[in-house]
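In the two complexes below, chain A is the common chain; its partner is chain B in one and chain C in the other.
Our next item is the complex of A and B:
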């Protein structure tokens, strides 16, 4: 009989604790490794007892860390809306970039990353929606790969976008280099787009949501959604309301919008006020940060404009979120 | 600048018109729907506006407005400011009992200065000040009833009562500082 070491047990316990009880069965049934043993597990038990049962089962089977990371990947792929996802953009594609396939990418990525840091544990899995999921546990010369803080990267082949979760500054250049080399691109840069929902970030960056393009001839909105109004209620400024709706839709799009949590505007400018000599004569730029946050920021902004809370016309900086596909801006003097 | 005048038009038979002014157009809409739904022997028409002055092109079709209601959302400074500027476009005749203030969201944590500012405004103009609950349907219905009660008087549908007479009874008076201390 093989036995698991303490760190493996700890990793497993942590993982089981992360998965809500009602999702355990679904997640575990997707794991091919456990297929035969699934019937022997009783999912009606309390989570604590269930974890103990699972631990003893794994101990019997001699489960390794690698196996447990498989389970973690299954869970994370199914529930990607955790933690902070950052969008990155690859640029300067080489000639053979469009021909990279999964096997080639896998081999190349692993080879390049291990060349840079031999103490990493990499796992690559292809999801049904054509996305490649990469899980990296980082280690160093003196430590084993840390499976408790893995980095996840999601890349859609043949697109220049990569979405990364849980990446530390130290490992950033390593991952970037390996990705750039494996995808046959020239460089990779921050897309300045981040949020809690991977799907939203992906939809926004890859423009996979319903968009609206500004037109010179405004469509009559009444035809789209006729609101039954009481003949006794009359709006004095009905034209304004329609205009505002139109402006809001043009600025942020129609229908469902990707869920972003934040938009940050960083201002770096010269201080312009003659009354304050100290600040005005300073060499360094004057810095200010404005941050908008909401559970669904784009929806909130659109509502603010359409309901008249925000003044119209809308500042070009707000629609820039969807137009430029980023939610971090640095505004400087021209 | 076009002033809204209380007596520039002839009244309708058995009819009353109420104008709801709110910068945000949210509470306004549901309040209007509730007012219209109330079973009254009077034909009540509701006009909605974000701010005054009202557009000139509606001048002809607009009936005589019997009661102007300013809805102020306490959580928003813009709401108060908008109401304040709109007041300038009302004929002084309206302030003889035909203007009313409704404050919403007074329950949420709002800066006390803003509430005091609204109270001062209502007191200085000798207008009634109502506090409305906008989150529940009961709250909206209650507000509608209270407004309709005032509207009936201002539209001249109650014999022997006039808006000026009513306003002397319902206008808001600012409590003096000593009362204020006890109140808190």
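Our next item is the complex of A and C:
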């Protein structure tokens, strides 16, 4: 009888603990490895007992770490909105870049990464939405690949975008080089866009959401109107509200917006307050970092504009999130 | 064997019942019953205008003198006015030396770096600093007996909980301030080895730093005012300690939040320390009423924050006093600079937290003081807040 070593058991236990009970059945049923044994499992048991049953089943089958990482990938692909996702952009495409297919990419990526670091465990899987999912567990000359802290990278073939989760600074150059070589691009750089929801980051970076473009001749804003004295006040206010709404949608988009959690602005600009002469005349910038955060930042900002918390015209810095497709900026004076 | 029935003097029991009777009528155990309504009105009025009498008082160097000079119709009416002038740490003689000179450094170490939850406390009836040993035993017994009544207490540790009440000498600034009382609840493991150090599971601090002199003088001699309670530890123990104090010293507790004005005060007071002690950053967080709600955090470079502070200082102020106008101008400067960049008015939201390397404060009444330099100033400000919040 084959048996699992302790570290394999530990990895499996950790993974099962991560998956909520109600999602276990669905996740396990997608795993071809377990197809025949699925009927023997009782999903009505408590999670603790269930885990014990599963452990003994795997022990019998002699399940390896590689098999368990398969299950982890199934779970992560189905539930990608965990951890922090960072967007990256490939540039300087070579001539043959658009012809790279999945098999070619797979071979090239594995070969290049193993050449850079021979102690890695790589798994590549293609998802239904054309995205290639890459899971890498990193090791070194002295340690085995660490399966508890894997890096995930998601790349859509024929697009210049890569989304990465759980990458340490140490491994960044290695992954970048392998990706650049496998995709036939010249270089890869930070897109300064990050968030907890992969779908939101992807939609924003690949412009896959409903946008509203400014009309050619924007209507003059109603801001400076005198206080209405006629009986049509309500009508006027309705027009005002409508205008605000339009300005808000032009700035941040229409309909459902990608869920970003944060936007960070590093201010390296001069102090701007006319009443403070001392600081205004100062040459050095007034340094600071401003961070906006919300469960759905773009929605909050759009509401701020449409409800009047933000003054119009809208500051160019805020719509830059959707226009420049990033949420980390350094602001300097021209 | 200690029991929960702790009243040792007969007259105590009688007085307590009388006081409770009094409370039932006008919720006021203090001898200012008749003035109560008038005082409250006055208090409300002054609360709305916190800038009253700034000009007259700014020139006064000592906080206490400023108070004594104000003879106003009701002696509590001007309380909010204190916040218009606050003493700041003297730049030439850093507070560090001062605090550790006055107070045992080991005791100061117990106060810093903890996250404190704040409450206000009404004056304690017949509390004696000389009896803290007895109180320790009584509180221990009370906790043990409450536990037997089935009240919530952390499981597994209940056997070895021991209260230790001590006096922290030197934190009080003025003669009238009662010395600070420090409470610790220690847990001994069930099978403790002889030399095992007991684990501190709860700490509390009852303090009064630079309390309103006229208010303190107006108290009958049998009352001790320690208006500020800081607690750190499990909520269930906080409830037990509070209920023991309530029944033993006939006092009341209430939650003490730190409002936007006081958060602004803290921001300014911390920034002032920068030349002597690097604050590393000044961080302010606002919550804006958008849907969904949005938090805006502004983290300012310490040098820049100091430059801004320096530019809003008024020329005719004395070295160690800062005024509410300066504080308001300081925050307004930050908000204006922010508005010029983002067209968003931070004043539409509410200030939630303020922090620097010297400490952090949250509007819900949580404060952490990371540096001993700042203890006296912070406790003084909080003592004021507690006295203001107290029902009269």
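FYI, the second predicted complex is superposed on the first by the 296 of 334 C-alpha atoms of A that agree within 3 Å, B and C clash if a C-alpha of one lies under 4 Å from a C-alpha of the other, contacts with A are read in each partner's own complex, and residues count from 1 in each chain.
We adopt the following convention: a residue touches a chain if its C-beta (ideal position, glycine included) is under 8 Å from a C-beta of that chain, and two chains touch if they have at least 3 such contacts.
Since the model is a prediction, treat every value here as computed from it, not as a measurement.
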{"item": "When both partners are placed on the shared chain, which of chain B and chain C touches more of chain A", "value": "C"}
{"item": "A:260 touches, of chain B and chain C: first, second, both or neither?", "value": "neither"}
{"item": "Partner chain(s) touched by A:287 [first = chain B, second = chain C, both, neither]", "value": "second"}
{"item": "Partner chain(s) touched by A:90 [first = chain B, second = chain C, both, neither]", "value": "neither"}
{"item": "Chain B versus chain C as contact partner of A:236, first or second or both or neither", "value": "first"}
{"item": "Touched partner set for A:296, first chain B, second chain C, both or neither", "value": "second"}
{"item": "First, second, both or neither for A:276, with chain B first and chain C second", "value": "second"}
{"item": "Which superposed partner A:307 touches (first chain B, second chain C, both, neither)", "value": "both"}
{"item": "Touched partner set for A:321, first chain B, second chain C, both or neither", "value": "neither"}
{"item": "Common ground on chain A, meaning residues reached by chain C in one complex and by chain B in the other", "value": "307, 309"}
{"item": "Complex contact set, residues of chain A against chain C", "value": "265, 267, 269, 271-273, 275-276, 278-279, 282, 286-297, 299-301, 303-304, 307, 309-315, 317-318, 331"}
{"item": "Interfacial residue positions of chain A with respect to chain B in the complex", "value": "230, 232-237, 239-241, 307-309"}
{"item": "Contact set on chain C toward chain A in their complex", "value": "288-301, 303-304, 307-308, 310-312, 333, 336-345, 348"}
{"item": "Of chain B, residues touching chain A in the complex", "value": "19, 23-26, 32-33, 36, 43-51, 54-55, 58, 62, 76, 78"}
